[in-house]
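In the two assemblies presented below, chain A is common to both, partnered first by chain B and then by chain C.
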Partner chain A sequence: MSGVLDEAPVVLAAGASPRAGAGRPAEKRRRRRLSRGDTLIGYLFVAPQVIGILAFVILPLALILYYNFHEWNVLANTFRFVGTENVERLFSDPKVAPVLGATAVFSIGLVIGNLGLALLLAVLLNRKVRGITFFRTLFFSPVVVSLVAWTIVWGFLLQDDGGINGLLAMVGVDGPNWLREGPTAMLSVIVVQVFKNVGLNMILFLSALQGVPREVTEAASIDGAGKAAIFGRITLPLISPTILLTTIITIVGSLQVFAQIAVLTQGGPGISTTVLVYYLFQQAFEFHRFGYGSTLALVLFVIVLLLTIVQWQLRKRWVFYEN
Partner chain B sequence: MKSAKMLSAAAVVAAASLALSGCSGSGPSADEPVALRMTVWTSNEAQLALFDEIADAYIADHPEVSSITFDPLDFDSYTTTLTTQLAGGNPPDMAWLLENAAPDFVSSGALVPLNDTLSSTEGYELDDLSEPATQLWRTEDGDLAAYPFSTSPFVVFANDDLLAAAGQPTAAELQASGQWNWNTLSDVGSKVNAATGKAGFVVRDFEYTQWDYLSTVWNGWGAAPWSADGKTCTFDAPEMVDAFTFLHDAAFAKKAMPGPGSTADFFAGDAAFTVTQISRASLLKESGITSWELLPLPSGPDGEYSVIGQAGLGALAQGKHPEQAADFIAFFTNPENSAKLATYFPPARTSQLTASTLSAANPVLSEAQLADVVVPAITSGTVRPSHTGAAEIQQEVRSGLDGLWVADADIAGTLTGVCDTIGPLLEQ
Partner chain C sequence: MRTERRPALRVLFSIGMSLLAIPFVFPTWWMITSSFKPIGEIFAFPPTLWPQNPTIQPYIDALTEQPFLLQYWNSMYIAVVVTVATMVFSAMAGYAFARIRFPGVNFLFVIVLVGLLVPSEVTIVPLFQMFNQLGLVNTHWPLLLVSTFGAPSVLATFIMRQFFVTLPVELEEAARLDGLHRAAIWWRIAMPLAKASLGAVAIFTFLHTWNLYLEPTVYLQSPDLFTLPQALTRYTDAYGGQMWNVQLAAATMTAVPVLIVFIFAQRQFVEGLAQTGLKG
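Here is the complex of A and B:
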């Protein structure tokens, strides 16, 4: 394979047919020299990406692994090897289980809410009706709004005497204190995040839906298939690669939620909305336990990696590729 | 293949060099001009202009210093950002520090001791610094680790417009009749809420998270979150239970204080009384409140008391120029500049703790108000609670107290739970 790639530029550079000069020593040397040059250029093209990955992915990961075996008091400027102390702490920390539980609840709620709503919106907006562009823009617009600004506004709306309860009061419902009660606090954080990013998945689904061949659905319709059957047996399989992509993106994103928690609930009430990233931040940057924070970061990395691998493997069972 | 290996190796070296270049501790040479940086949490242009004016005067006499930059950080995440800068190898030379972060910074040795520099600075008058004001900022050896450059008392502002609208006596009338206490204030606040729908009183910045602001209330009951040596939790003491019972009643029974999840801004005319620091007085000018009064904190069952908030100014030991930073602090806080800074920050110098000095600082407040309320509060006030490991304690108590802010709370049980949680942290 590489031989074919190596030869092609030589032919073009020489301006001769592939067979011309083949076998001559001078020509071979020139080809070898040019091949090396092409290889070098190729590597130079990928070098920025490789350097970026090394500097901003591999190196931080290696540092986190290194810090995981150390305790670093930033204020006292001391750094000492503690072996597996941080890992042992992880298993004896009574907060880790509820934090992982809150993380799972948030992720599941977000993935179901976001993907379900995004697909529903995409189906509804995949029509040729007047003003459809306005509605597409409307639902996509939260994606481009500043996350913190979006969250602060929702914080006001979700206050005990805020806009949401004001609306509920108009229909005679006494709304809960959304951000101060355990179950509603988590629900609120999920809903705020769903509305923030649903537009992105909606656009991806919309794009996938528009790629579904009309002749296939029309043929199914002529054969007597109902709308539900067409959607379930033709549309969904055809957009399954997009579903896989959005699922992976949404799950990874859900595990990294931070600003919404920091602004809306600060992890409360109690620790009911303290997700892993927020707990990691508290340990490392507020309580100055960078070593333990690194251990928690490794846990997060492993969870993201495992979930991505599992989804990637499961794709063979449910993702449909035309080729 | 050989070139691929070479390129890969070069990429690794380049990436490592790139990453390590940020970590390398290449210190400045003796000949390099010194650029100092101070982190602050104010972005007030007038205050920053005053800082720049003082810095320019210092640079004029110190040619070795090329610049002094004041770097405003967000107040809410100030200590976290400062810590992150330290961790990232980008520490400032000098930093303002909140009183609740003081024990951690002082006990860890993160700050350069200032005694020698201050005492050797001509005309500094180190003895003029108020002893109580410096207490929080001293190491176990008695060295001054940071200069207490702002000592701001908590007071009560009253909106007499709103009190009149609710048919209630003015704050001055309450005080004159000897009824300036928490129970009366809560009763009046309840009536204001019933009559106008506005809040009776707010403890500004508390909002059911920054619980340490409640020391402005519980000190009236003689309560404290932990023992004087900081080793024993006293959240479950009877005095504290009584104080929280008062607060719970005010929020849930009397509706004198906004409940959790609701906010009321005194300076927007949403509350009859607010407990806050005098530096907020400047907000009165644009508040639309035409008739207001400044009073000391109401008395509690334990009598009269006052609470102060403090900020310290220290030179970071991990900074690039700790000696020059300490020297600049000596200049920044000398008698002349301390008087200038008093325009915004109540000084720790005994000679400057007078109504006349402070009136220049607070044009909104009269000399009588300053003499009767502010100066006594500064000289006798207790600093807000602080402890080593403050951030974790703050978080644990906040989390524990969440159980208290519901209508049918078990107050004593919740406070006992708080002690169960923070007890081990206090012992560390």
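Here is the complex of A and C:
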């Protein structure tokens, strides 16, 4: 997204080139007719998308703000204005702090694990050796395996008597009950997700690395720069826009995690892996509290919004642009 | 000296990469092989890497415990319809935002970009209520409509816009001089050139729709309407325990077809993703 959103809105005008010859009346009339046709086509072309966003994003956003001030129990069929009661509940709910904590731990763990591993793999695989595409395919393959299928297999592998502990037992290690013990449960969810999607970021890094001009790194090498210095001082700054992009995608994606939690741990043990979206789902669709669910949805929205703004500001500081 | 060391290094590199690849490949291997194991062997110690007494019973159970083929069809047709519709509508919107000047175009583009800021999880409660009032809960309409026109489709529009912005103006001017209408220019000139971007949009959209889990869980109640991700988690015995080998057989049937398509179309896949204008 960086270097993309900030370019001037390039809207190419119909007939805006010098060749259009704006002087003569006949030309003018033709141009006006053309642009009138363009206006209609323009509205027609964007209508499905714009109406969709109004109906399925903007209107629902307004509605969660509205529901936020109401108590709405779907089961009891009650709907009444309660003012800021839901917001107050948010601050007195003893589960909110651990839920936000779990969400933060998951996001940070995922970003570090995913971006670190993706960059490492991209650097390792960024060479012209026979069979290199084979390895790229291997690391990318989990991306195309269905998410729930992937999660189910890991759930199977991570059971107390599952494959991972079976393999560990063969080398004499007594593995923990990964998904049922506090610290390892969160670790497991993060690791499963890292392996699932690291291939996507790896591909984006690979294509960025291939955009780094050879001459620059070779010149630095001739000047006596070591490999680490070249990587840190030249390669990293040159691919920083991609690092920013993948960071945004990965953080926002990590806040949306649901299926993995629902399939692997159901938020447990205790509420140690209950992330915000899972908690929102439980409150709204298991306990049927739409009002409080909407308040939690607002929290999620505000977090995403703040993160985007922060990243946007950071972009100016550390993203290097060639031009 | 360099030439002597090279082959050894290459072997070392390959061994290292193979070890690193284990956690990426092993789960899929384990899923496929375990789906052919009788339940007794599934938790055997030491674990068997290849089924000792292969059986297709888990597959028979997977197909009979639930209307699996119907669920397969549900997932498949929803993903295909959403993918094709998204390709068309995102190409239309992306083209208009990039190429056509009309009053309010920038304002409308900002409205659409809001969709990038709002994860669909944020709006799931009011959307459920809206579809409930329309009588569309427990139908596939919410999945089809929201995926095609809602927040998930904004990235597609964005990718298409990024491509159309780079199209040379001269191409369109020539076509206009030949008397082609704007819609014809889009369809006959711009679209054929947008194949790579359309491919990327198709991949993104298909995988996203194929993997949807929260939405079907919220909207669908009848097993006949379930999509695959949702169905996969419902293979439980009378005591609520998971029927692992049946679940793995069903998971294999879900994952392997897409994996095969990927292996054959691997090049387009990776290149499509790499050149979506997302490079930054």
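Keep this in mind: the second predicted complex is superposed on the first by the 278 of 323 C-alpha atoms of A that agree within 3 Å, B and C clash if a C-alpha of one lies under 4 Å from a C-alpha of the other, contacts with A are read in each partner's own complex, and residues count from 1 in each chain.
The rule is short, and it goes like this: contacts are C-beta pairs under 8 Å (C-beta built on N, C-alpha and C of every residue); 3 or more make two chains touch, one makes a residue touch a chain.
These numbers come from a predicted model, not from an experiment.
Residue contacts after overlaying the shared chain place A:V173 against neither chain B nor chain C.
Of the two partner chains placed by the overlay, neither chain B nor chain C lies in contact with A:A229.
Contacts of A:G268 after superposition: chain B is touched, whereas chain C is not reached. In the superposed model, A:V50 lies in contact with both chain B and chain C.
Of the two partner chains placed by superposition, only chain B is touched by A:F287; chain C is not.
Annotation for chain A, partner touching more residues between chain B and chain C: C. In the overlay built on the shared chain, the residue A:L306 is in contact with neither chain B nor chain C.
In the superposition on chain A, contact is made by A:D161 with both chain B and chain C.
Of the two partner chains placed by superposition, only chain B is touched by A:L75; chain C is not. Residues 39, 43-44, 50-51, 54-55, 58-59, 161-162, 285, 290 of chain A are contacted both by chain B in one complex and by chain C in the other. Listed in rising order, the residues of chain A touching chain C in the complex are 1-5, 9-17, 19, 34-35, 37-39, 41-46, 48-61, 63-64, 67, 121, 124-125, 129, 131, 133, 135-150, 152-154, 156-157, 161-163, 166-167, 169-170, 195, 199-200, 203-204, 206-208, 211, 241-242, 244-245, 252, 255-256, 258-259, 262-263, 277, 280-281, 284-285, 290, 293-294, 297-298, 300-301, 304-305, 308.
Residues 36, 39-40, 43-44, 47, 50-51, 54-55, 58-59, 72-77, 159-162, 177-180, 266-271, 282, 285-288, 290 of chain A are the ones touching chain B in the complex. Across the interface of their complex, chain A is touched by residues 3-4, 7-8, 11-12, 14-16, 18-19, 80, 83-84, 86-87, 104-105, 108-110, 208-209, 259-263, 317-318, 389, 391-392, 395, 398-399, 402-403, 405 of chain B. Within the complex, the chain C residues that touch chain A are 10, 13-14, 17, 20-21, 23-25, 27-28, 30-31, 34, 43, 45-47, 89-90, 92-93, 95-103, 105-106, 108-109, 111-130, 145-146, 148-151, 153-154, 157, 162, 165, 169, 173, 176, 181-183, 186, 207, 210-211, 213-214, 217-218, 228-230, 232-233, 244, 247-248, 251-252, 254-255, 258-259, 261-263, 266, 269-270, 273-275, 277-280.
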